[in-house]
């Protein structure tokens, strides 16, 4: 027993760094992101009296003096600027204007210890929507606002879920576009990567090394440099267009920059290794006599490929596709530099909320939507490929 | 492929390097963060290196691309690894309201009255005045565009237009192109109808717009002829004219200027040295060297006055360039950036 | 021999300067079982690959049924190939594997099933149709490979050391099975092996290869009893190779003088000149041990070693400086190392081989 326990302890010690790493760099950030998306306890904690008063408010009638007094009391009680910042950010995200309104109000409240007429400080305090935002924020520390907004939905003042007009929010469209671009990149990687892996697997010695090195090369250069290089190559007066024109293939430059073609070209280049390597590793493990066997049994090269090599290397294609797809979903710099306005992907929206406005709730919510959509796709794919496997 | 054992060895080494790096951070030297490029090169020469000599210790410099989220994250995590950061005016306003910055000791800076009023803030000291303006390659355009209306006129000036991606500047310029007087732009934009009007005007130009994101991009777009006109930062324009012999021109009327400020992050380790550094850069004799490298205006009045005349004509702060130009309305964007960006993204996606 | 069905006409295969097969002439009749036997690197597999179409000949012609096939791609040659490691498709069931060549030939599904069942029954694997190859033993996989190579009734079946990976008992069983199928179906089989006993057991004819050339071709009997070269004599079975010189020749054969003043009579010999250096091959099982000396072909020997082999004793003998190996009957078990005896053999069992 003692020995067994000791062994177990040793085993645990061996995996402990991995567990710590996973918790610290995977589980914890993911959990934080998720909780940020659905909870914003700042207003509930910092504005207790206001919350109490607003709980009885019907959310449509004009704001009362009681509501104002409670808010003034609460604001006076807050000493920490960062707490004010948290509430303000939360409220401004729900209703534009809270930024300047709160700055004005907080300094006025701090200067004067007596009762204050908020409307005199700023007439916006007489408007219902501002109080609606506070009421929503103080009602519960949990909110579905971010999650709804991430998929172009919102709650009306009366609490029903309504969809935002497409002039106001386009997250779904951008999300859909993200998947389309990722799928396009995956397909392009597959079409280029498979034959490449086949040739590499059939080569030996330095030729194989050179082919693998060539495909790995983009991984060793910075993403920004690679993207900038593509920018130069693809532009109207760039190498590709000049060459095609010199060869007389085209008269006017092809539009390769600021559109989806360019984005997919550049992303395919960057992500090709993730497709080639898994396929390559599967291909070299396939016994070399299977293709001759198929030929000897009467299969022409195409049918031999279709019936033997492809099914056997499908595992590599699947894992390569998943790698490329998952990675391209998160792409941000390449579409930003090479793509046009309709090629921006969801990461740029997430980045805007995360670094641009510090609205981690929205960033987290969009992250969750992306995660869920990806997992759903994966499940569908897994189902398809496993039923495929049973059939074969 | 790398052998697993080698991979683990390398990971271990990497971890070691990281650990050493973290230790180094524990006794960190003064870290100044600016916006990179030739601007930061100039700052290094004029400010960072001389101040390092005075301090007797190295001054580290890093660059960033802005975003209040970055600063919020650093301060909230505690013990930020940056001390002094050059921020845009919105980041100054937002961060100051949220308590992300240390309060400035203005006596140390030489007193508030030595600075332009827009450069004085309880959390930040103005460092440069820069402008976003209509720019074009005078070697390529025969007739010079003079206004945002020209920018929108694709018959008179066929070709694509460069725009910074995002609602900021785009909406203001659209309204000016639609006939709104520069000084009334924010009044119009403050109403829902005004925002609609701006987006409607942008609709007209939408098929001809190339959107850029980083400050170096518009220069490249102009150089390659990808666009005939673009919005750009004036400092970059005069910079590339100097270094690459280009003939890019800036249209001053209708430009929007803003102030970038130094801030000290809350609870920064080298807070005192950081304040000294800001004071150093604010001294007129130091600040006046900047326009030799890059055409940004100086917030210290004495420094601004002593800039040589041939450099002055390129600065956003010279009186003739201020004609018809407006300051960025920080309050408007602080309130509306999020909602308008959302709408802008939706508009782009259509 | 009847009209040749397969003909290699001065075929050479070279990789750069490295010649694998040189100027090969080989005729094979329809329905014949021919083994290509030789050590590894002797070119026998290359010949098979050229026949199957995986390797084009560098020079010369490969002719099957009076048509040149060297330019025909493998999938149009209609030859069944059984590979060394079976080459079953791991993602298909046994039945799908066997149906594969039928599918490629556009045989309707309904007929396919019937043909597959018959082929699997033929190799006694009717019950394994739905299994994957990985669920079968080596011998079973071999049978599937066999069924797959036979199911489309190919003109020629090529087998590349198909039994190499099986254990001895299974190998012997499979040898008989293949032999049986050959007879029953009248197949033309080219069988590559480096195992001489396998070749002897199964073949109608054996072609012994060495360094890209045929050393000797003939029936197992001819190859074993009358090897023409030292290489063949040595490679096929065990033999004593005695170097000597021809002393006299007469109507009854030759007298060969061996070192140490020994003389042996060799029954057959064709016009070798007196004094010529020759090598005599003498199979160990042809040596008899006696106590008294006969007239001719009996040498006094000292027993150096005697090893029990079950059905016989393997003895190492010293005949006055010449080492001999003999397979002796078990009744000589009491002959201890060091004891003397007389080794005698028939002149007809002595055979001259070329060096």
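Every chain is named by a letter (A, B and C) in the order it is written, and numbering of its residues begins at 1.
Everything that follows uses one rule, which is that a residue touches a chain if its C-beta (ideal position, glycine included) is under 8 Å from a C-beta of that chain, and two chains touch if they have at least 3 such contacts.
These are the chains along with the protein names UniProt gives them: C = Spermidine/putrescine import ATP-binding protein PotA.
Predicted model, so just to flag it, every value in this text is computed and none were measured.
> Greatest Cα-centroid separation from chain A: which chain?
Looking at centroid distances, C is the chain farthest away.
> Going by the contact definition above, tell me which chain pair has the most C-beta pairs touching.
Looking at every pair of chains, the most contacts join A-B.
> Just give me the whole-number Å value for how far the CA centre of chain A lies from that of chain B.
Here the centre of chain B sits 27 Å away from the centre of chain A.
> How many angstrom lie between the CA centroids of chain B and chain C, rounded to a whole number?
86
> From the C-alpha centre of chain A to that of chain C, how far is it in Å?
67
> Could you check chain B for residues that touch two or more other chains and list them?
Residues: none.
> If you look at chain C, which of its residues touch at least two other chains?
Touching at least two other chains: none.
> Touching residues of chain A toward chain C in the complex: what are they?
287, 289-290, 292-301, 303-304, 307-308, 311-312, 392
> Which residues of chain B touch chain A in their complex?
1, 66-70, 72-73, 75-76, 93-94, 97-100, 165, 206, 209-211, 213-214, 217, 220, 224-226, 331, 334-343, 345-350
> Okay, in this complex, where on chain C does chain A touch?
Residues of chain C touching chain A: 52-54, 73-81, 83-85, 87, 89-92, 100-101, 104-105, 148-149, 152, 158.
> If you look only at chain A, which of its residues touch chain B in the complex?
80-82, 84-86, 88-89, 92-93, 96-103, 166-170, 173-174, 177, 231, 235-238, 257-258, 277, 336-337, 340-342, 344, 349, 352-360
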